[in-house]
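Take a look at these structures.
Next, two complexes with chain A in common: one pairs it with chain B, the other with chain C.
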Partner chain A sequence: MYSEQIRPLVAQHARLRMAVDELTDESDLYRAGLTSLSTVNLMLALEEHFDVEFLDRMLGRQTFGSIRCLAEAIAELRGATDRDRIAG
Partner chain B sequence: MCVQPAEHGDLALPTGDAYREYLGELVAEGLLVPMGVRGVYGRGRDFERVIVRFDEYVARASAELAPEVLRFPPLFNRSDYRRIDHIHNFPDLMGSVHTFTGGELEHREMLGKFERGEDWSRNLAPAEVMMTPAICYPLYPTLAGGTLPEGGRRVDLQGFAFRHEPSDDPARMQIFRMHEVVRLGLPGEALEHRDYWLARGGELLRAVGLHATPVVANDPFFGRGGKVQKAMQREQSLKYEFVVPICSAEKPTAVGSCNYHLDHFGAAFDIRSHDGSTAHSACVGFGLERVALALFRAHGLAIGAWPRDVRHVLALD
Partner chain C sequence: MNVARRAILPAPPDSRALLERVHAIGREAVAPHADAVDRDARFPHEAFAALKAEKLLGAYVPAECGGMGLDVSQVAQVCEALGHHCASTAMIFAMHQIQVACIVHHALDAPFFRDYARELVARQYLLASATTELGVGGDARSSVCAVKVEDGRFTLEKQAPVISYGATADAILVTCRRSEDAARSDQVQVLVRRQDCALRQLSQWDTLGFRGTCSPGFEVKSAGDAAQILPAPYAEIHARTQHPFAHVVWASLWVGLATDALNRARGAVRSEARKTPGTIPLSATRLAEADLVLDTMRGTLASTLAEYARLLAQADPDAFGDYRFVVRMNNLKLTASQLVVDVVGRAMVICGIAGYRNDSKLSLGRHLRDATGAGLMVNNDRILGQNATMQVALREG
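After this line comes the complex of A and B, so read on.
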C-alpha cells in the first residue's frame, strides 16, 4: 500500500542505474545499483517522509532489497505509530 | 614453531583501568613518550625497533607476491577527499589541515584573539590537503581514469594514518602506521587477495606468538546511517579483523584487517579492469603500533627476554 509513495523517494535518493519505472516492486534494488551509502540516504528520506524510525533489526539488505520489502517495513512501522496514536 | 602467549591476570581488570595501567608501564619503560594529547605519543628506541622489524617481516611476506612498492606522505589531496565518502561515513575521525592565508590586517586580528586566549582557529582557511585516514586512500587517485593490466595490480604500502579518536587505550592512537598490501582488479582477484591474506596474515602473527583470531568486523560508521552501513558490511563479510587481547580479553584489539571494498574505489576514481569493468579492490593492513603493543604485552617489555624464536623471526638479535 506504500509502494507508490516509496517510488519517487527511490528515484530521488537511491542513485540507481535505471529509472524507477523500469523496476517492479520485486526488483532487486542492489542489482539496480543501490549501494550502502545510497541505502543510508534512502532510509533517511523514508524516515522523514513517513515519520518513522527503522528498528535496528531492520537495518540490513533484506529490508532495503526491493520496493515491496520497503513497503512491508513501512507498513509495520506505520502500524506501530498508528497504534500509538490511537492509544495516546 | 609454536609460541604460547604469556598469561596475564590483569587482563581481567576493568578496561579503562587496564588501559591506563599498560600505558603507565610503557611510559615508565620509555617505550612510549606522552605528548600531552591522548592518543599521540613519541616512540622510544625499542618500540620503534619492533615496529621496523615487524614492518620488514611483513614486507618480506608481501614481496613473495612481487607487488609494486609505493610510499605516500600522511596527507592527501583535498579534492580527492571529495570523491570518497569519508565525510559521510566517518566525519568524526577526519583530520582537515588548515593554515593562515590572510594579509597583515587579518594577521593582527588573529594575533589579538591568540593573545586574549580566544579561538583563533576560525581565522584559518583550509589547506589543499587532508590527513590520510587510511594509507591506501592516496593510491586510488593515482590510478584515476586508467585501465589496469590483465591480472590487476598489487601494491605494497606503508605509512602514517590519522584518525581523531582521543583515548586512554594505548592501542587507539590518533596517528599510527599501517603496512598494507592492496590488490585492484576483477572481483575474483580482489577476493582471492583478501582470502590469501586472511590465511597468510594469521600465519605471520602466529609465528611471532600472537594468536590472532580472524573475526567478521565492521568499520565505525557514524550515526544512525552508520548502523545500516555496519549491518551491511557484516552481512556481506566485507571486513575481517585479526584480534588479540592487549589490555582486555573481553574487548580484544584488532592488530590487522582484511577488507574487500567491492567497486567502491574503482567507481569513485573510474579505475577499470582490463576487460573494461569497474575495478574491485581489497587490502590487508597491519597496524604496526598495535602489533608492537601486542608483542610487548605477550612477551614482556624487555625484548631481550622474548622467546628466542620470536626474536629470530623478527630478526631482533
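After this line comes the complex of A and C, so read on.
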C-alpha cells in the first residue's frame, strides 16, 4: 500500500539507470543499478518521508531488493510506530 | 562429504610445519632476490618457482579437487611469512589466493570450474585480477565493459589501468557488466585464460614500492567458452570473498613486512646494548613502543580474521552484506595500512643511518617504500568514504 509513495523516492534517490515507471513492484532494484551504498540515500529519504527509522537488521539486499520489499518494510515500521502512538 | 571419502583425503598440513617450509623458501628463494626484484621492478620468478614446487599455488583449493585444503587463516599465515622476505612476492601470492578463493567459494559447483581447479593445482597456474577500469576510477563494484555471449561463446574487452603481474599470469579474472544492457553495478566475473586473450600493455610500472608486482595497465581482448563466466553475481563474490579475503591477506603480509622491519631494528638494539653492559639503551624503549604498534596491527588482524572465518563456516550469504561486517573489514585495511608505515618509520629511527642506507644489512628503504603503497591500493580515502556512508545508516556500532 506504500509502493506509490515509494516510487518517486526511488526515482529521486536510488540513482537507477532507468525510469522508475519501467519497474514493477517486483523488479530487482539491484539489477536496475541500486548499489549497497546508494541504498543509504534511499533509506534516508524513506525515513524522512514516512517518519520511521530503519532497524540495522533491515539494511540489506532483502529489504531493498524491490519496491514491494520496501513497502513491506515500511508497513512493518509504520505498524510499530502506530502501535507506539496508541500505547502512548 | 561423507566420512569414508574424508578418510582417504590427505590431511591439510599442520600450520607450524607448513610455516617452517614457507620460511625456508623465504630464506632460500625469496629474500636473496628481493633487492633485485625491487631494483629492476621485475617478477620474482625464483620465488614462484619455489612456491610452485611446494604446490602452494593450490593452497586454498579443497583437498577433493587436489589442493592443499588450507583455510583462510592458514593462507593468511603463509602471506605473513612471505611478507617477512619480500613484500612484492607476498602481495602477488596474496592476490593470486584471492582469485582462487573467488573460484573456490562461488564456482566449484560448475563442471568447468571444478575441472579448472584441478588443473590449477596440477599445473600450478597463477591467477591475476582485472577489476578497476579506465573511466570508472578505482570502484571495483562498477564496470563499463560488458561480456557478450552468443552461441555458448563469450567475447570481452576491457581497458584496465592496473593488472598486477598481468604479463606473467596464466589467467585473469575480469569483472564486467553481465550484458550490454546491464547496469554498471550488475557485474559478473570471467576467467580469461592466457590462450583466450590478447594483452596490450598500456603503461609502465615504475613505482615507489611493490615494484615486483609488475602492475601496468593492459587492454584485454578475449573470447572463450561461456562456461568461463563465474555463475554467481559479482556482487555476491565481492561481498563474501573479493573484499574481505583481500583485506585479510593484505593485512597479513603487511604484518609480515612490519615484523621484518622491526626484527632489523631489534638487531640494532641488541648490538647497541652489547656495547653498554648494564644499561638498557634508549633504542630499546623505542623498540618496546614500536612493538606496541605492531601488536595493535596483529590484534586487529586476528579479531577480524576470526570473524571472517566464523562467517565463512556459517555459510549465511546475507552476513557478508551486513554493514557492520563491511565496516569492520574496511577498518582492518585502514588500520593495518596506516600502522605498517608507522612501524617501519619507528624501525628506521631505531636503526638510524644504517636503516637509511641502501647498502647496509639493516636497510629499510624497500620496507618503507612498500609500506607506503598499502594505503593507496584501494585508496584509504575511498574506503573511509564508504565507511562514512554506512555509518550514517547504522544505528548501533
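Note that in this section the second predicted complex is superposed on the first by the 88 of 88 C-alpha atoms of A that agree within 3 Å, B and C clash if a C-alpha of one lies under 4 Å from a C-alpha of the other, contacts with A are read in each partner's own complex, and residues count from 1 in each chain.
Please note the rule applied: a contact is a pair of C-beta atoms (placed from the backbone, for glycine too) under 8 Å apart; a residue touches a chain by one contact, two chains touch by 3 or more.
Just so it is clear, the structure is predicted and the values come from calculations on it, not from any experiment.
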Which superposed partner A:L44 touches (first chain B, second chain C, both, neither): both
Which superposed partner A:L55 touches (first chain B, second chain C, both, neither): second
Which superposed partner A:S66 touches (first chain B, second chain C, both, neither): neither
Which partner reaches more residues of chain A (counting touched residues only), chain B or chain C: C
Shared chain A contacts, counted only where both chain B and chain C touch the same residue: 35-37, 39-40, 43-44, 56, 59-61
For the chain A and chain B complex, residues of the former touching the latter: 35-37, 39-41, 43-44, 56, 59-61, 64
Chain C residues touching chain A - in the complex, by the definition given at the top: 141-142, 182-186, 235, 239, 318, 321-324, 326, 386, 389-390, 392-396
Contact set on chain A toward chain C in their complex: 16-17, 30-37, 39-40, 43-44, 53-56, 59-62
Chain B - residues contacting chain A, complex: 85, 88-89, 224-229, 231-233, 235-236, 264
